[in-house]
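What follows is a set of structures to go through.
In the two complexes that follow, subunit A is the common piece, with subunit B as its partner first and subunit C second.
And then the complex of A and B:
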C-alpha cells in the first residue's frame, strides 16, 4: 500500500536514481573550482588596474623625474633614462643600453622608457573597451536576427541565413581588415588619433554571423517545445513569445558563448593592432605593444614583446576558462531537464 | 539526393552573392570614384582621363552590366593590371597561391600527425595524467594567438639559437628543399599549434564515445590487441567530425593566416590581400578575395558531400528531417 501513496503524492522529492559516479565528480569539480577562482581573480585584477591605470599605487609609471608627469604617463613624452631596461628579476638579461638603472620594474621598460607593466594596464583598458563594446553590440544584433530567423522561418530565415553564409565565406581577419580600412577616413587616419569606432564596428560585423547561427538553432529547438505551443494557443503574440518565452531560455547558452566571443574579439583586436590598424600609437593596446616589441626582439630584448603577450595570454585564457565553466554548468542543467 | 541538390543550390547562391558584392564593392568606397581616379592617374587628372578610368572599371554602367562584365573577365582570366604599378593581377595571385597552399598543407600535416596519436592515447587512458596534461595544454594553446607564438618561436630559433635565418627567403620545394623547409618550418609550427589543439579535443571526445560502444568490447573479448583496437577499429568511426574540421580549415587557412605570412614575410594570399588593401589596390583585393571565398565555399561543399557519402547515417538523418 505504501507504494501507491508515493505515486499519488505529487510533492514527493525526486530521488536521484544513480549516484555511483559522485565521488570522482566531486574531486574533479574541486580542482575546477580553484582554477575558476584564479581566473576570476586575474580578471578582477585586470579590470581594476585598467580602470585606475594612471593612479593606482602599485602601478609605477617610471615618470617620477618629470615635473609634468601626465605627459609621460600618456605616452607623449619619451623617458630616455629608462630606455629598454629588462625586468628587475631578470638577472640573466642585460640591457642593450648603457647607464643606470640596469634593470627596472616588474616587466622592464620599452624603447621610450615607459614601464611595461603600466603600459600593459593602459593597454588592457583599450583592448577591453573595444572587445567588450563589440561583443555587446554583436550579441544584441545577433540575438535579434537569430530569433527572427529561427522563429518566423520562411523568407526571413532564407535571407538571414544566406547573408551569414556570405559573411562566413570570407576569411574573418581579412574581413575585419577590410572593414577597418573601409571605415577609416583616409585623410585623417595617420595625422590625428584614429577613432575607436571603426575597429568596434568591424569587430561587431565579425561577431554577428556565428551568434546569429547559434541563436537561430536554439530558437528553432525551443519554438517546438510544449510551453511555447501552450503560450501560442493561449493567444500570445509573436513578440511576447520571443522575448518572454524563448529569450530567457537562450540566455544561459548565450552567456557562455559570449565569454568565448569576448576572448576571440580580444585576440582579433590584438591582431588588428599587430597589423597597425587599431588605435593610433600613443594609446597603447596589447597587440600594438607586441608588434612594436618584435623589432627589439631580434636584438635580444625579449621582454618588450613577451610581457604584454603574457598579459594578453593570461587574460584570454581566464576568459576562456570561465566560458568553459559556464558551458559545462548549463549543459548539465539542460541534460537533466 | 535531395540534400545534395539543396546544398549545391545554396552554394551557387552564396557564390553569386559573394561575386556580386565584391564586383560592385568599388561603388561603396568612402570618397567615391574620385579616389580611384586620383589613385590611377595621380592628382590633377583631366576630365577625359577621369572618364577613361571610370569606364575602364565599368563604373559608368548600371551595376548588373558591371557585374556580368566583371564575371566574364574573371572567368576568362583577363584580370587586368594593378592600379599604381601596372603589374598583372593574375600573375600576382598565381605567385601567392602556391605559397599559401604549402603553408596550409604543412600546418595541417603537422597538426594531424601529432593530434591523432595524442588524442587516441588520451581517450584510451581517460583521466590519466597524460590525458589531463594534453587536454590542459590544448586548452592553453587555444588561448595563444599566432602573433604571440610567431615572435616567441622566432626569438628561440632565430635569435637565441641561430638555426633558422629570419626572415628567410622563399624558395621552391624542387629547387632548394633545405631552404624551402627552413622558410616554412616556423610558420607551419605557428599555424599547427591551435589546429593541433582543436583537432585533439575533437578527436578525443569522439574517440571516448566510440570506445564505449559494444563492438569495441566484442573486439577486446576476441583478443584483439590494444593497438589494433585503437587504430583499426575505433579510429575510423571517430574521424568524421575531424575530417569536417580539417576541410573547413583548408579554406580558412588559405587567406586567414595574414599575421603569420606578414610576420615571416611569406608572400601568400593573405599578405597579398592585406598589402593590396593598405596600398588601395582595390582590383587586386577584389580578385584575391573572390578566389579565397570560392576556395572556402567549394571545399566546404566537398566536405559536406564527402561526409554524407562516407557516413550513411548522415544521409539517412538528413533525408528524414
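And then the complex of A and C:
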C-alpha cells in the first residue's frame, strides 16, 4: 500500500476533459410536452381573466347587451329579458319571443339573465383567491409543524401526530362545514356580507394535516442523511439545520404537492359553495354557480350548471397536470444527485 | 476563547485525547446492545491512529461517541474522554457545538450523501466559517476557495458555484475534507473515508489526509475495515472486536509482531496480489458476535482457530507485550507454545485435505 508512488509531471499540458464551449443542440423527446403547454396556457388565461375580469375586453364584450356592464356579472337585479339563453354555439334553436335573441354569448345566461362567461371569470377570482390563500397558509403551518415533529421527534412528534390524526379521521367536508358554520357569526353574516375568511380558515385547517405528514416524513428521511450529521458535526444549530439543510431539500416535493393541494382546495371550495356555505350570492364562485344551475338542469337548461363546472374541471385538470410535470422534473433531479 | 487558550497551555506534553473505559450502550427491544464496551486509548497531537475492525465491531460508534454525535435517546454512555485536558463526556449540546468543527470534525464514508444536494459547494464550506469564525460572505468565499485549492481540486473557482451532483466521487470527498478542515480542527475523524471510492482515488484521498495532517499538525483517527488502508497512513493501529479493543500497537510493531489471532486472521484475509489466480480467499469463519449477548470469555473465541478451553470461560485482560506501547487481549497469543502447537496441527490437516481432493 505504502509503496504506491504518484508521479506528477508538472510540465504536462492540462487538457480540459469537458469542452463546454461548443455544445451541440440535441432535441430530446419528452413525454407530455403539448399537454404541459396547454395546461400552462389555460392557467395563464384563467389567472389573467380572474385578475382583470371587469376591465378585460373579451369579458366586456360578453356584456354588450346590458345597459350597465357591471350588471351582467355582479348585478343584483335580474335581467329577465335574457333569462336562460343557451350559448351562441348551441345547435338547437328555441322559439324566440319577439325581438329577443334566442342564444347569447359564449356560455349563455343563467336564470337571472347574467352572462355565464363573464361570471365564470369573476368566479375564478373568488375560487383562486380562496384556494390560493388557503394552500399558502396551509403550507406555512404544515411545513413548520411537520419539520418540528420530524426533526425533534419525542413528545413534540407525539402531540403533532395525534393532532393530525384527529383531524384526518373526520370526513373532510363535514369538518369544513363545521368550521364554516362555527366561524360565521350568525348575527353579522347576513346573506350579503358574508366574509371570505371563514372559508379560508376552514380550508387551511383541512390542508394542514396531510401537509404536516408529508413534511414530517421527508424531514425524518433527510435528518438521517449524512449531510445533516456532517452539518451537525461542524457545529450547526438545530434551526440552521432545519432551514438551511433540510428545508431546501423538501421544497421541490412540497411544490408539486402544493399544486395538487390547490386543485383539491378549489374543488373543496366548490363543494362548500355548492352547499351555500361559501361566499354569498352576488359574488360569483364556481361552486355556487353550479349549485344555482341544478334546478334549471331539469328543464333542459344544461349550460347553466355545466359551463362553470367545465371551467372548474379544466382548471383543476391543468393544475394537476402541472403538478405532475413538476413532480417528474424534481424526481429526475433527485436521480442525478 | 480565553478558557480554551488556558486549557491548551495547561497541558502541552500530555496526550491530546485520552479515552478511558468508554462504554456506549444502546437500549433496544432485544436488549442492551454493547456497541462500545470499555475502550481506552490515548492519542498525541499530530499523530494518526487507525481503528480497524469488521462491520459491527463498534468502530463507527466509538468515533461518534468521542465526538458526542450520537442521539441522546436510548443511549447509555459512561467513561471519560479527556480532550485537551477537559472532560467532554456529558457536555451540554451548546458546549459540544463549540467543539464541533473548530476542534473536532468528521469525514464520512459516502461523499454522495454527506454533501447537501441543494447547496452550492462554496456556500456549504462557507457556512462553518461564518458560524465559527464570524467571517462575512466575501471572506468566507475566499477562504473556501483557498481550502479547495488546498485539497487540490481541479478548477477550484468553478467548483465554488457547482452543486455536489456535478462533481465526481473523488472530488466530492475532497470537498468533504475541505469542509471538515475549514475551521482548523485539532482532531479529524475519518470514518471509512475511502470505502465508497474507486481504488485509484483511494490512495490519493489517503495521501491528501496525511498531507493535511502534517501541514496542520492535526491528529487523525482513521476508521476502516481495511488493514491495508491504515498500514501506510497511521502511526498506531487499534484493532476492535465486538465493541472491545483487542490489540493496539505502533503500526510497524503490529505488522511485525502481531499477538492477537484476530489481527492475524484479518491480515490473512487480504488477498495477495502474487497468489496464483483461483486461490481461495482466506476468510474468518462465522459472523461478528451478537452485541446483546456477547460470548462469555474471549469474544473472538467462537471463531478462533486456536481456541482453548480457557478462552471460552475467562475473558483475557489487556496485556502488554515486549514493546511497551503494544497491548493485546489474548490468553494464547501468536507465537506462544500453545499457538505454535495448534498451528502445526492445522497446517497438517489442511495439507491432508488438499491431498485427498487431489489438488496440489
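Here are a few things to note about the model shown:
Note that in this section the second predicted complex is superposed on the first by the 283 of 337 C-alpha atoms of A that agree within 3 Å, B and C clash if a C-alpha of one lies under 4 Å from a C-alpha of the other, contacts with A are read in each partner's own complex, and residues count from 1 in each chain.
Keep this in mind: a residue touches a chain if its C-beta (ideal position, glycine included) is under 8 Å from a C-beta of that chain, and two chains touch if they have at least 3 such contacts.
Since the model is a prediction, treat every value here as computed from it, not as a measurement.
Applying the stated clash criterion after superposition on subunit A shows that subunit B and subunit C can sit side by side.
In the superposition on chain A, contact of A:230 is made with subunit C only, not with subunit B.
In the superposition on chain A, A:244 makes contact with subunit C only, while subunit B stays out of contact range.
Of the two partner chains placed by the overlay, neither subunit B nor subunit C lies in contact with A:329.
With both structures placed on the common chain, the touch criterion links A:154 to subunit C but leaves subunit B unconnected. Applying the stated contact rule after C-alpha superposition, one finds that A:33 touches neither subunit B nor subunit C. Comparing subunit B with subunit C, more residues of subunit A are touched by B. With the two structures overlaid on their shared chain A, subunit B and subunit C come no closer than 9 Å at the level of C-alpha atoms. Subunit A residues in contact with subunit B (one complex) as well as with subunit C (other complex) do not exist. Taken together, the subunit A residues at the contact with subunit C in this complex read 1-2, 4, 6, 153-154, 225-227, 229-237, 240, 244-245, 248-249, 334, 336-337.
Residues 67, 69, 73, 97-102, 104-106, 108-110, 113-119, 127-128, 131-132, 163-165, 176, 179-180, 182-183, 203-204, 207, 228-229, 231-233 of subunit C touch subunit A in their complex. Against subunit B, in their complex, subunit A makes its touches with residues 162, 165-166, 169-174, 177-178, 181-183, 185-186, 263, 267, 270-271, 274-275, 287, 290-291, 293-294, 297-300, 302, 305-306, 309, 312-313, 316-317, 320-321, 324. Those residues of subunit B lying in contact with subunit A across their complex are 10, 13-14, 17-18, 21, 29-31, 35, 139-140, 142-145, 147-148, 151-152, 154-155, 158-159, 166, 252, 254-256, 258-259, 262-263, 270, 273-274, 277-278, 280, 285, 289, 292-293, 296-297.
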